[in-house]
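Each chain gets a letter, A, B and C, in the order it is written, and its residues are counted from 1.
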Amino acid sequence: MLAYSIRRVFQSIVVLLVVGLVAFSMFRFVGDPIDNMLGQERTDADIERLRGELGLDRPFLVQYGRFLTNAATGNIGISYRQGRPVADILVERAPATLELAAVSGLFAMIMGVGLGVFTAIRRNGIMANVIMTVSLLGVSLPTFLIGILLIYLFAVELGWLPSFGRGDTVKIGSWSTGFLTASGLKALILPSITLGLYQMTLIMRLVRSEMLEVLRAEYIRFARARGLRERAINFHHALKNTLVPVITVTGLQLGAIIAFAIITETVFQWPGVGLLFINAIQFVDIPVMAAYLMLISVMFVGINLVVDLLYFSIDPRLRIDRTVSEG
Amino acid sequence: MDVPVLSVRDLVVEIPTRHALLRPVNGVTFDIARGEIVGMVGESGAGKSMTGNAVIGLLDRPARVSGGEILLHGERIDQLRGEDLRRLRGKHIGMVFQDPLTSLNPLLTIGEQLMETIVEHLNVSEVEARQRAVDGLKEVGIPAAEQRMDAYPHQFSGGMRQRVVIALALCAEPSLIIADEPTTALDVSVQAQIIALLKRLCRERGTSVMLITHDMGVIAETADRVAVLYAGRMAELGPARDVLSDPMHPYTIGLMGSTPLASAGKKRLHQIDGAMPRLDALPEGCAFNPRCTRAKDRCSSDPAPTLAAGDNRAACWFAGGEQK
Amino acid sequence: MERVARAWNSDFMWSFRHSPVAVVSLALVLLLVFAAVFAPLVAPYNPFDPASLNLMNGFSPPMEPNAFTGDVFWLGTDDQGRDVFSTILYGMRISLFVGFTAVLFALVLGVSLGLIAGYVGGWTETAIMRVADVQLTFPAILVAMLIFGIAKGITPVDMRDEMAIWVLIIAIGLSDWVQFARVVRGATLVEKNKEYVQAARLIGRRPGAIMLRHILPNVLSPVLVIATISLALAIIAEATLSFLGVGAPPTQPSLGTLIRIGQGYLFSGEWWIILFPAITLLALALSVNLLGDWLRDALNPKLR
């Protein structure tokens, strides 16, 4: 267990370093590195100081190292477009994305597991077949179309929910939250569904197939032979065994949610880091792009690591003897 | 004592397939008295497991009971469905499967699996349920039972696991246990122990056992009476001693001749020509007649009803008579 | 002719002919592809030619004569006066071109790297697979966006519109090679130990030749399935990127671009700008997806 953990942590660090390298290369070689770090408003003194700091004539690795230390202390350059430090912009916009991601993830998991279990237990029912067919469609529909469809239905035609923006937010410290106002909560609904729908479909299909597989197992048969109730069998025995592989996949999907937030934020003009990233690409705002990349990587790698290590605590078979084969 | 624990009368199990209607169990009749161990022997596919599954109501679709009766303590149970059937299982009829590894849920401790069964069927508190579970483990010979309650199945050896399975089958105190090949998946050295354990426990509690196996040795050791199945029909039924040493049905005679144990002293193992017919290609009349050394014309048109001869019954026109 | 007849009667073609889903999907895909390829002949207007556009034609509803010019457009016009029908046809060209080429690129790259990784082994294999793993940590669309952004940054400003399509292809292709590489590497590892490869080695054939002529044909089957599904994903990826504004340039709008424009007019009632491109995109993606699904089942040795 310990050896495995160490190996995974090491791997994660390697990935982060590689990503850091890409980000650094962007800063250094795409556009002007001085511009990237200082923005348009700068004095000659600033330029000289930075030249020294960045050590533009120093070996590659040294520059890279300095870049990393800078990033770790929160200095990731000045945004071209806004002329402000990127770090500030990120901190400002992160809460919007995080809240959206959290709500979508929750939606996807709860509905996904629920529907998955339902369609597995009642596999031949009409409802189950309808749900499965609709899910096939869900996988083929691009996220942005789903968002637009929802906007059309609920905002244009019915007028129940807002078609863009976050509504009113309340600031707690540096975190602006939409949870505490009615308009904030309303504004969360359509984007969360849009963002979470794809994940929900994936989770649902996974849970269903896993559960069907589990229900065929011999220990389920033995449980029936012992006269246990169907409910106990479905939820106590089958579900636990079903969830083990599902949790891994779900955890990995959390990362995908954060990335797909880019699309949802654009559709709904949601002021999060995703929309920030797209604008950055449109305007070739290198510092923001690189910073977003690093931020996302840290989140992904972190989540993957946590999920992997969590896996152990759930499946007791893995705790004792484990030779992990890396794929 | 008068009413047998289990009474199976002309049981027929059908499986509708695209090509034909198969009958893996085709008119099987036998009783099991209180505390009796009855063996069901036969080759793979003869219908032994199907019979066991039918009795406990665990036939996998599309197989179904299409004829005959199953009576538990004199009451019909083959018509029961749903909740009624479920209440029967575990409490009145227990079952032991072949592979102990796959029989146990790998993610639950054996304590949890024991206690949920006890709590489901017996009206006891959780504390008492735990005590009973520990006692159950002790009875089947698990050392350090108290601590092992929190262990997971993969932390036991094969033989120990099967002991746990037996404890699970017995914990709700059923009057009948169906043991489907209980030792086949175990090491030879462990098989004898498990069988002896099963026998002892059932004798102590007066639990009847339907012991399904293809291993004659196990029958010789354990069973009071034995039923021999062939192609879904019963070829012979009688006290174990008699059937093993003095079989009446030509098939049983052939079986005994081909068993190393029973034919100790013979130079060569006897082989019955041919193989048991497939369910969709059953011969006319007696299913065994193409391979039978005694077959006459009558056999290919008329399957013999069971003719009684003392305590033994054999489905053959020419039962008894010729010794091996 | 005899070969054609034999192929027609093979198991594969039989299951195709008897699967209504597969036949309909293929028919739809072919229809859309033809419409796109022959767009210049079929479309009444050329929406990519700025000189032919008349702003006064803008916002014309389908089949109704325009308030200012009196021209009738089958599916209406967008905000720039472009005929929606023509734009859909030309837009599909972009979608399909980008989709096919990107997948082709990913396929060639991924299969080559997979073959090399599997055959050569050692450090080469480890290096390639590690890179693949790192890339896999991130969703493909994100990788594509990033590559597009970087490429945009490197290209001189005046060339950006021209290069956009190619950048798009490279971006989507690069984001997609990994699954090809993995599958091919796995299959190569299996084939490598088979006798026909040992024999070829003994005779002294060069590794490149062995990989191409011997191993490759045997790993093609799963590659084909992945390619079809990748095509659907690439089409959706291009549409998404264009929708987000980081794909097809505004002078050459693709289906995604049209949808982006159309979203702005949802409330004001010009529904045709978004509806028709959306339906077309859906039809395209769905039919390619279904075809890929069917192909996967048909080629699955376990189900045969």
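Operating definition for what follows: a residue touches a chain if its C-beta (ideal position, glycine included) is under 8 Å from a C-beta of that chain, and two chains touch if they have at least 3 such contacts.
If you're wondering where the values come from, they're calculated on a predicted model, not measured in any experiment.
Comparing the chain pairs A-C and A-B, the larger number of C-beta pairs in contact belongs to A-C. Placing every chain at the mean of its C-alpha atoms, the farthest one from chain C is found to be B.
Central chain assignment: A. Criterion: smallest distance from chain C-alpha mean to the mean of all protein C-alpha atoms.
Mean C-alpha position of chain B lies 60 Å from that of chain C.
Mean C-alpha position of chain A lies 25 Å from that of chain C. Centre to centre, using the average C-alpha position, chain A and chain B are separated by 55 Å. The set of chain B residues that touch two or more partner chains is empty.
Interface residues of chain C, counted against chain A in their complex, comprise 134, 137-139, 141-142, 145-146, 148-150, 152-154, 232, 236, 239-240, 243-246, 256, 259, 263, 266-267, 274, 278, 281-282, 285-286, 289.
Residue ranges on chain A touching chain B, taken from their complex, read 217-219, 221-230, 232, 236-237, 240-241, 244, 315-317, 320.
Against chain A, the residues of chain B that register as touching in their complex are 56, 58, 86-91, 94-95, 97, 99, 102-108, 116-117, 120-121, 152, 154-155, 165, 168-169, 172.
Residues 14-15, 18-19, 26, 30-31, 137, 139-145, 148, 151-152, 156, 163, 255-256, 259-260, 262-263, 266-267, 277-278, 280-282, 284, 286, 289, 293, 296-297, 300-301, 304 of chain A are the ones that touch chain C when the two sit in their complex.
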